[in-house]
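You will see two complexes here that share subunit A, one where it goes with subunit B and one where it goes with subunit C.
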Partner chain A sequence: MNSLPRLFIGIFVVFLFAWGGLVAMPYLQLGGLQPQADEEGNQFPPARDPLAEEGAQVYAANGCMYCHSQQIRPEYAGSDLGREWGVRRTVPRDYVNDRPVFLGTMRTGPDLTNVGLRLQDPLWHHRHLYNPQSMVNWSIMPAFRFLYKVQRVKGKPHPDGFAMVGDPTVPEGHEVVPTKEAKALVAYLISLKRDYALKEAPVTPTEP
Partner chain B sequence: MSADPHGHPPQKPDLDYSEPHDIGRLHAAVMREKGEPRDGNEPLSLWMVSFFGAVLLIGGIYLGLYSGGFQPDSYSIYDGSMKAPGGGAAAGQEIVKTELTLVQIGEKAYKSNCAACHQPNGMGVAGAFPPLAGSEWVTKGDRRLAQILLHGIAGPMVVNGITYNGVMQSWNAWDDKRIAGVITYIRQAWGNTAGPVAPEQIAAARAETKSRTTNWTEAELRAIPEDENMPPAPGAAPEAPPTGDPVAAPAAAPAA
Partner chain C sequence: MSATLQTTVAKPSASTEAEGEVVQRVEVDASCRIPVLFFFSSAICWLLLGSLFGFLASWKMHNPGILDDWSWLTWGRVRVAHLNMVAYGWASQAGIGTGLWLMSRLCRAPLRAPGVTVVAGIFWNIGVTVGIVGILAGHSQSIEWLEFPAYATPLLFVAYALIGIWAVLMFVNRRPGHVYVSQWYLLAAFLWFPWLYGTANVLMQAFPLKGVTYGAVNWWYAHNVLGLWFTPIGLASAYYMIPKVIGRPVHSYYLSALGFWTLALFYSWNGMHHLIGGPFPIWLITASVVASFMMLIPVLTVAINHHMTMRGHFGLLASSPTLRFTVFGAMVYTLVSLQGVTMAIPVWNKITHFTHYTVGHAHLGMYGFFTMTMFGAMYYIVPRLVGCEWRSPLMIKWHFWLSAYGIIFMVASLSLGGFLQGSYLLDKDYTFKQIVEGTLGFLQLRSVSGIALACAHLVFAFHFVLMLLRLGRKGGEATYFNSPETGA
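Let's turn to the complex of A and B:
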């Protein structure tokens, strides 16, 4: 039985080959990826402001990734572009500022790669997080009420507060006030815009 | 051991007596034809060589065609071998795009972009987002409406006697056809019966307010007369949508 070492070396080489293709090569090719700058010095993807960066942690903590992906598949691999979830596919450089990267595997909810393009109004996001069904009546998204405080309006309404007409959890004369986490999360969601062109991902004018 | 008196050959006590002694000799022919397995290099059978050869060949051709040249920055798997980046369709695979009417373009764009706030039924959300169905901003003159689409509107706004306070974003990044489509759609959906808008009219409106970078406020838009329509597109609205809707007819009616 002198062929046992040969067998193990063979197994090792097979795994080494896979590791080389799946780990080493991508690392060598993409490990040093940097944001791309245009002539005016703007960085793409743009850096997030600190509040939105904090919101990314709220996004992680509440497991948004379990139901929402952040990746636009190319035209040959799905209908993401046809659904207007993006103007182009996403490429590795889109994620260089993200720690961790929320690619996601499930699409129980819609893809959020470009939610900041579709929905730029913070009020929409706050109402939707407080009670998703108030904005989309067939939504199956759970409510994130614990990110909000419901309080009685005393004198002047709270500058960030909003009313929820007809919501049973908000009694008459009360308003919903977002906590710091809610504001950070909404800032993060609105910052999700991947509509800039990169040299490896051109944005062609959309033809409806 | 002494010989058996009856002439039987000498036997060992633990052996199976039914087995002949010369078993090796009896099986010699079989063992010669089918040897015991052993280590060593054996020739592969021809079918194996050709089968795995074919697998490698087909796999290699596939990789060569659809690997994007093994480049990390290839936009499409078809890059480098079949089509320039950004082209979309694979070679020999013509993507058939059905021509949508203006209203269909608008409906599609509305459902994926506007319905979140204004709702699929155009009724808006009480206390937050104004309705479009039956709204005076939508069903009267189209000049105001086009400007709202082009630059958004922020701050308090009275719609059908109810004040809404929010921000509507600008949709300036959309092309003329799409904006015209959405306006045409919302002016004709949910019982609204206003006339369509042509892409050329949007192009003209866009040029008029090109320098604007901020959202409109209600007061600024109220300065535009409520019933004012945009001037008809030159060439009497060549792209009037074939909706079959009677309201589509007065498309090129002169501005009121």
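Let's turn to the complex of A and C:
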């Protein structure tokens, strides 16, 4: 192994081999995947509205996925279904609208694949983001107060504003108003619903 | 000046060297002085900064209220900044510096136009800085190991391409003769990294990837940056330093070759074991699980080769700092790789996936193996570049023990905490509250171990600055913990 050409070819071929297997092949198999339409022309997964799409960028900017995964593994691989984080495993088609995709590799916090089904109230999310421990007292989630403005209530309260009674960062007579980023993030979280049936991932009705 | 250099150069191998070869080494060292010291200095700056951010991220995990008013310091950005600082600021630059010097020494050819590598190094640092500021400002791409915003990556790529080309050119212009195993690893690493980094970034930014194909490219890159960039450099350094310090050739050429090619072949297929159970075709995951298992071959090959080389010379660990750090790194390499094999096996992965156990594994690899090996290399290389010896064996001792105990405690607390977290997660009767509260103590322990590592780095950085200022011991023999038995 003393000659550069021979070493180079070996080094290059090995690289190409793995690239072909782990990058090119999955792309060939999955790159053309499209949403699935039902008889009425509804697309699954449904496209996100622009605000929720913006929220995905807020999710990325603040590193949410380093604590929260977005994938439901089948029964043999974990207890995701048992914890009722989803009604079925997630499949590649669930993510065709996502760019990038927040599958995640860590569960310091719970999985968010279907958080929009579990927690549908925007106000709950806003309060939770503003002060996580006010909603879940044992939580170790950091607060995202920087996505909100605290302002004095002058006359009529702000239409998006809300009170945080007992929170030391919100003095009396003040309200918390979400910024556009906060609203986008909450819209994104509520949009996370992967409970529709796909032909490769049917939803079996649960026993009552 | 050249007289002091000559004595330090001739020392470690302790065999009689031909006068001509000594002169050659002096030339090599002189040509590498500025660029290698530049890479080492900036690497150490990033190491200190990275330690600070790592500590902050760790502390925030059990005290989420710390510094949470400012978006720039929210946990999700600090954690990402930490990873990128230590991976691209510290580890890559320590690796580039070590790699350039080793390549030059082994090719018996001085580094030509060293100014170009310094310019590349400056661009590299600008790229990392821009990337880190971008992450803290909220422009992270949220793709693990590829978080740098799109505007920082071309800078890094160009800087790296220049460095890589220079390393390959050195190989082309080498003096005729035997090509040593470290040279294969270095040549491969200097070629693989730009291909990897370039391909991943082009696919993610210029090419309209969507959905889970992102995940595949992500983990193909993220695992290969370890397997095809950091690991080969760490092994190249170990393959050089161990025989050099103990003064005997590496045990087996054939094992070296087997280890190199099987590493290349199997490591490159490992990435998808981070996605077991995920929304991917089963063949893809299975291919990576099998490749992970096959890693037993290169890992055991290298372990046997190093062990057989060391046999009968373990006593030298008590005296040589370079050897102690390098052998610690080489042993951890075996350990962490075997651990990696077990973690890819689905039954065990079921527990460790999505937990701090994986974080512990990553630290064991990047710190216990790679960083310790780089410390070992720096203890060897720096005196040859600055012309004086490390001032204080005591400081090196403190550095070693703080680093060694620090990383052992860190990995132990993360592994135990992660095992608990994983076992609880798997049993749906445990509530999430129980899981969070159960792991909290381990996360606090991890922060304490982080303090030990940060102290180790401060000691080392201080010692390094003394060397840069030529405040080391002038002349005499290399700095040992205690006097080695002579006569080898």
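The criterion applied here is as follows: the second predicted complex is superposed on the first by the 185 of 208 C-alpha atoms of A that agree within 3 Å, B and C clash if a C-alpha of one lies under 4 Å from a C-alpha of the other, contacts with A are read in each partner's own complex, and residues count from 1 in each chain.
Just so we're on the same page, contacts are C-beta pairs under 8 Å (C-beta built on N, C-alpha and C of every residue); 3 or more make two chains touch, one makes a residue touch a chain.
These numbers come from a predicted model, not from an experiment.
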Touching A:Gln34 in the superposition: subunit B (first), subunit C (second), both, neither?
-> neither
First, second, both or neither for A:Leu119, with subunit B first and subunit C second = first
Please indicate which partner A:Met135 is in contact with in the superposed arrangement: first for subunit B, second for subunit C, both, or neither.
-> first
Looking at the overlay, does A:Arg83 come into contact with subunit B only (first), subunit C only (second), both, or neither?
-> both
Have a look at where A:Lys199 lands relative to subunit B and subunit C in the superposition and call it first, second, both or neither.
-> first
Counting only touches as set out at the top, which of subunit B and subunit C does A:Arg127 meet: first, second, both, neither?
-> first
Check whether A:Val91 is in contact with subunit B, with subunit C, with both or with neither, and answer first, second, both or neither.
-> both
Is it subunit B or subunit C that touches the larger share of residues in subunit A?
-> C
Look at A:Gly166 in the shared chain and tell me whether it touches subunit B only, subunit C only, both, or neither; answer first, second, both or neither.
-> first
Where on subunit A do the contacts from subunit B and from subunit C line up?
-> 1-2, 26, 29-30, 74, 76, 83, 89, 91-92
Where on subunit A is subunit C touching in the complex?
-> 1-2, 4, 7-8, 10-12, 14-15, 17-19, 21-23, 25-27, 29-31, 33, 59-67, 69, 71, 73-74, 76-79, 82-83, 89-110, 132, 138-147
Can you name the residues of subunit C that touch subunit A in the complex?
-> 60-62, 64-65, 68-71, 74-77, 79-80, 138-144, 171-172, 178-179, 184, 187-188, 191-192, 195-196, 199, 203-204, 209-220, 224, 228, 257, 261, 264-265, 268-269, 271-272, 274-281, 284, 287-288, 346, 350, 353-355, 358-359, 421, 425-428, 432-433, 436-437, 440
Touching subunit B in the complex: which residues of subunit A?
-> 1-3, 26, 29-30, 74-76, 83-84, 89, 91-92, 118-124, 127, 134-136, 162-166, 195, 199-202, 204-208
Listed in rising order, the residues of subunit B that touch subunit A in the complex are 39, 72-78, 85-86, 88-90, 97, 100, 105, 108-109, 112-113, 116-117, 125-129, 166-169, 173, 175, 177-178, 181
